[in-house]
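Two complexes, one shared chain (chain A), two partners (chain B, chain C).
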Partner chain A sequence: MTKFPLENLRVINFGWVWAAPVLGHTLGDMGAQVIKIETRKRPDVIRFLPPSIHEDYPLESLYAANTFRDLLGVTLDLTTDKGQELARDMVRSADVVIENFTPGTVKRYGLDYDAVKSLRPDVIMISLSAAGQDGPSAKIATYGNIISCLGGLDVHQGYIGDSRPTTYGTSIPDPMMGILGAFAVLSALRYRARTGKGQYIDLSQWEACATTLGGPIMDYVFNGRIQYPKGNRDDLMAPHGVYRCKGKDNWVTIAVKTEDEWRGLCDAMERPDLADDERFGDTYSRQTNHDEMDGIITRWTSTLTHRQVTRQLQRAGIAAFPALSAKEAFDDPHFNARGDWVEMDHPLGKEVIYGIPWKLSKTPGGIQRPATMMGQYNRFVYGEILGRTEAEIDAMEADKVLY
Partner chain B sequence: MESLLSDVTVLDLTQAVAGPYCAKLLADYGAEVIKIERPGTGDVARRIGPFPNDVPHSEKSGVFLALNTNKKSVTVNLKTETGRRILRDLVPQVDILLESYRPGVMAKWGFGFDDVRRIKPDIVVTSISSFGQWGPYRDYEMTELIAYAMGVGMHCTGVPDREPLKLAGTATLFQAGNTAAVAAIGAYFGSQADGVGQHVDYSIMEGQASSVDRNGASLMAMAYAGEPTFRRAFGRRFSVLPFGAYPCADGYAHFTSAQQAWWPIFCSMIGMPELSEDPRYTGENFQNLDLAEEIDELFLPWILSHAKREIMELCNEIAGSPINTMEDLFADPHFRQREFFVEVDHPAAGPMEYPGPPFRPAATPWKKGRAPLLGEHNEEVLTGRLGFTRTDLVKLARMGVI
Partner chain C sequence: MPDRALEGLKVVEFGSFISAPFCGKLLADLGAEVIKIEPPKIGDEARRFGPFPGDVPNLEKSGFFIYLNGNKYGVTLDPSTATGFDIFTSLIADADVLVENQQPGVLKGLGLDYDTLSKLNPRLVMTSVTTFGRTGPYRNYKGYDLTAWQGSGVAHRYVGEPDREPLRGSWYHADHWSAVSAAAATMIALAARDLTGEGQLVDISETDILTTHIMGYQIVTLYHLTGEHGARTGANAPRTGAPVGMYACKDGYIFIMPLELHHWHGLVRAMGSPDWATDPIFDVPSHERVEYADEIDELMAPWFAERTKEEVFAALQAERVPCGPLYNAGDIVEHEHMIARGFLAEAEHPVLGPVRVPGKPYVLSETPWSLVRSAPTLGQHNQLIYGGRLGFSNVDLTDLRRTGII
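Now for the complex of A and B:
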């Protein structure tokens, strides 16, 4: 039995920051050998994000610990002739090539799809750019949070009643697009297995983001309606919100779908009178009087912790859960029972990272390598895979080709 | 035309958003997806809307129409013995089975993984659930709100001192469907290689916890450093440069500006190049957050007199961006030139524009297609694949099986 579905698959990952490494490690988690190309001239910004794993190693942040797992990091300066020659050698043996430079950049390095295809005819190459390879905004520079603003996610994000969005300020599209890229590559591998043909895949993160909007975009299509932030409210459920609990920054979510659940909530709050209160007589009424109802619910939740509220309501079959902080999730019995946090032996010490977000019955497999350090696999990749001698590698390091 | 997944057949027992999005990805890239729906009512998304002209109609729900393109709808009542037999007979004909029932329901009906594997040893069953197939919270009630709360994303979304915010829309569920599709295809690769089937247990909350956002992704970083997760205020910034959402001439724009190298670009942009080297704002003062208000006073007249489209052009260099509405997306010249939106006709809803491909494989294009009517493919699948006669189908329909 094969241990991993993608054994014997080689991926060259020129991509950096977040989405492209996520794509790489998703394939790596499934057994592919994924080589991550980096340069000290412009280190991957993920490496800088504090906190650092070790004060003597400023380029080994804990963000990288999660994102760069199952990748083989090598240094390579693609602006040098020798560096490009090595890149071509790598591509010759690659099944998959990943890049997320600004469109046009790969051509400068001699690594555009036509060039790559001439080196390896059945290669699958994927570009994860901001806006796709063509069109008037193709060269736009973005971070994940810009993608979510451009892509129509942020405009609906915010407190109810505020027209000003409370933008994520984070980068939700990055992990999403990395995973989507993995789906694209896997599907293309399936096609290659059937036909022997590789191909080029143009993934525009902006477009991909706009495919995840659901209701609001269809409301515009059907009715020309522009929706505004709904806070934590829902169109079909009420109450539906996040309520303050006892303790510092302690919050619980509650979502009520049916009349039975509403009565269950009233009982839990020891307010059976509310079950007959016409202000809250059905979902529509509760939505109309949501603020008032929130006040009543908060008076109850604020006397308990989010865990207490959750236990009580879930026992009554009502959807409720704490808004977990990172620390709480780390200690949570469910995540721990399912082995979601994985301890790895990193060269700089033990580290715990998040695991693969699904469980397999037959080939549990799992994360094989802790996050790669900068250039950690230079000897392995350039020596064992590409057949360069120790002396050649030393020389290339000295010449800052491997830099 | 040949597509990426032309040789893959999928039995889809999911409904609502996450599972159907997973199946949609597979269908839009070529897999044959047989969607089993409950007779009479069908997928719950048929009732979610939005509806054209706000008139509810089970064949016109926007969420359903967008999420079920290229699938075949077969109505089967799994609470009947014959309904379950139909399902048993379909299992040997498919490669992947997707389901999103509560843990235990499939087994109760005789379709636990071991049952299904006896019928077809190399099948991949992908279960999409709230909390997974086992673990202390397995039977907890969940909605999207709760998935986001458990996944840590919520605790760091919103502003300090106010309640944490849910992620808008249903992006969390789309992400879940996307991840489940990766898991399903990965497992399918494995089963193709060794002929051994696989049960993929995908839980929405684990998908969230492993990838929600920058704060969530640093879950461990936070745990190591003992730092709590936090919500950012609107104006919390890293330098004197603008940060967060600002009003502009026709809506809102967002700035994530932080780098000192961007200061001169910013000064030229707002027509004050003379400030480029002004020691009041450069050097050590660049990080003096007490100056933020002063800078905003200089910046607001400029930003308020510029429209989103201009901001897209002028502010890109300093990580400024319009916050696009749905109207903006439809009008966007880049989207138009790349023909992102596609017009699809539907027998009930008529021709409408829908979001197009999430990625574009050059040799095997994404399939433009429409969502099925409820039970539209009963005859094709039940007669074509299982050999029922048309008379059988009439009978089965009257008996409430299909």
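Now for the complex of A and C:
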């Protein structure tokens, strides 16, 4: 049985930055042949955001090292006639075409869906734009961090009562958008297998973010109410928080759902009296008196490490777990046992990158190639797949068509 | 009605709250038949979560439940009873996919683990969403969305102020993102089944999903190369580019990211090319401008403060500067762009009448996303599924109801 269930699929990825490479490698990790089109005229911004994997190669950033795996990178200047001709040839052999330019851009390259469809009638084409292909804000310029702000992720994250808004130290939506795009593409492929029909997918990242805000949006729809950050608290559980432990920046999460769990926590803290304390008699009371309760819990957790609290509470059936630091997450036996961190031989040296995020018991897929370097697969793609001769490829390189 | 992409796909959903239900929703919205199994009497937790119209709790009026469970069939079942177990396995025998998010040990306790179910139906794709996954040292640990944010390392590294506790991220986002991953991985497993004829177990761990993609996209590699991994820095500093971040406008905030040099030039033009901004020392790549980050912020602040967030948004976008205002749920659904694209969808709910809910994340040209029916009331389709599909008589159904099995 094959490990790679998508091995018969060819994908042409005109996309860049973060979401589109993730969509590409999500299919590539499962065996699809994914060709990533790039140009030195305007390199993918993700390629040159420092640091890079090797100081002499500023275009091989660590972002690229992770998200450009299982992609066959070729250079191609789509503003040239010859470049567009090659792009059309690639599209003719493609099952899936991915792009995430500003709406309207692909039309200038002769690669809009109507054009792509005339070259390959059953193609699945997906555009991952900020705001969709039509509507008054369709052409806004953004990055994932901005989608996070527009799409309501940032406004629902923060400490209770802080007036100054916070943002994430990274772009949270990008990888999810790549995976959501992969789901839509795979669904369209299933439809194609049944009917022979391709189609066009217009994914709006702004709307997709908003689909994860069911509670706040429904509160607005029903009650006209605007919700604000709840810190680490929860509407269904209490206590529900992150508590200081012994050591520097050492924290543990505790989430209590049932009365049995609350009693278990009281016992663990050696405060059985609290189980009968009416201030904490049910979830509602515990929510009302959360600050006071947090003080009591912290007095206990601060005498222990996050690992000690975790072992003790999980044994009692309570959802406790360390707020792992980056180092702890990278060294953690669990994530390592599950193959979340994988060592690869990159042409510029050994590296550790993230593995396959989900575990399929029979066809797990796997990372077959480290991140593509700029133009690394020009000879393979233009020669072996598109049948151009060495001399033709040399000439196109000299003419900066392959640039 | 147009064709639907996943027409013919039979899914059983045995889960609660977000991760399994949102996965089931993604499948149902593209046409899969999703039978949602809820515990009798109390139902899915999301029914108790609300929000409720006028804040009056009612299992049939939770907005969040109604949103997450549109397009599904709803049945009630207690699989811990002998008859309940038989009914569950009858549904599985005929299913392509089972999506579940029970806490560790629950399915095994019910005798409904993958090994048992796959013998009954070797073509079954079983998609399991848990906090830590089905293997590894923490496989038996209990956890929730909070646990995934914090346990993955993402909160400690990226969310919150350095001197305060790490924060979970936005609204149950670990649950939602894991559901999206579960849906994609389920489709991969179905593609595999087309090749091999066999189903498989799809093991989704919420901590894996967050840690691979967020801790992994850059700093895991940095850590192994140099030992460095950074720390959470709070709202603004230290920065990898400048100016980058959240800027205060007259009526709110806007996030700007002029990463490329032409973005900076656009920002300068939008601000009317003030003298300070045209100084050549700032005409350098964004990461070199970090040296002057505080100075630039101070010089820019008045221009932002004198304008509304929408005015700044329009002025900067006219110059192609990546930016966007800080929007809340009301701002989003009332936005002219969202209205123009028809973001909110509406369906007739059996109790509340027409209810508007968040709609499509994508448009598929041949097989459009569609909300065909509102979420089921508790046990709404018992008759249809148990009677019509499994052949139970009305007398049987009354018995099952009386004994609390459904």
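Keep this in mind: the second predicted complex is superposed on the first by the 396 of 403 C-alpha atoms of A that agree within 3 Å, B and C clash if a C-alpha of one lies under 4 Å from a C-alpha of the other, contacts with A are read in each partner's own complex, and residues count from 1 in each chain.
Please note the rule applied: contacts are C-beta pairs under 8 Å (C-beta built on N, C-alpha and C of every residue); 3 or more make two chains touch, one makes a residue touch a chain.
Model, not experiment: these values are computed from the prediction.
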Overlay on chain A: chain C relative to chain B, clash or fit: clash
Partner chain(s) touched by A:269 [first = chain B, second = chain C, both, neither]: neither
Partner chain(s) touched by A:115 [first = chain B, second = chain C, both, neither]: neither
Touching partner for A:45 - first (chain B), second (chain C), both, neither: second
Which of chain B and chain C A:234 touches, first, second, both or neither: both
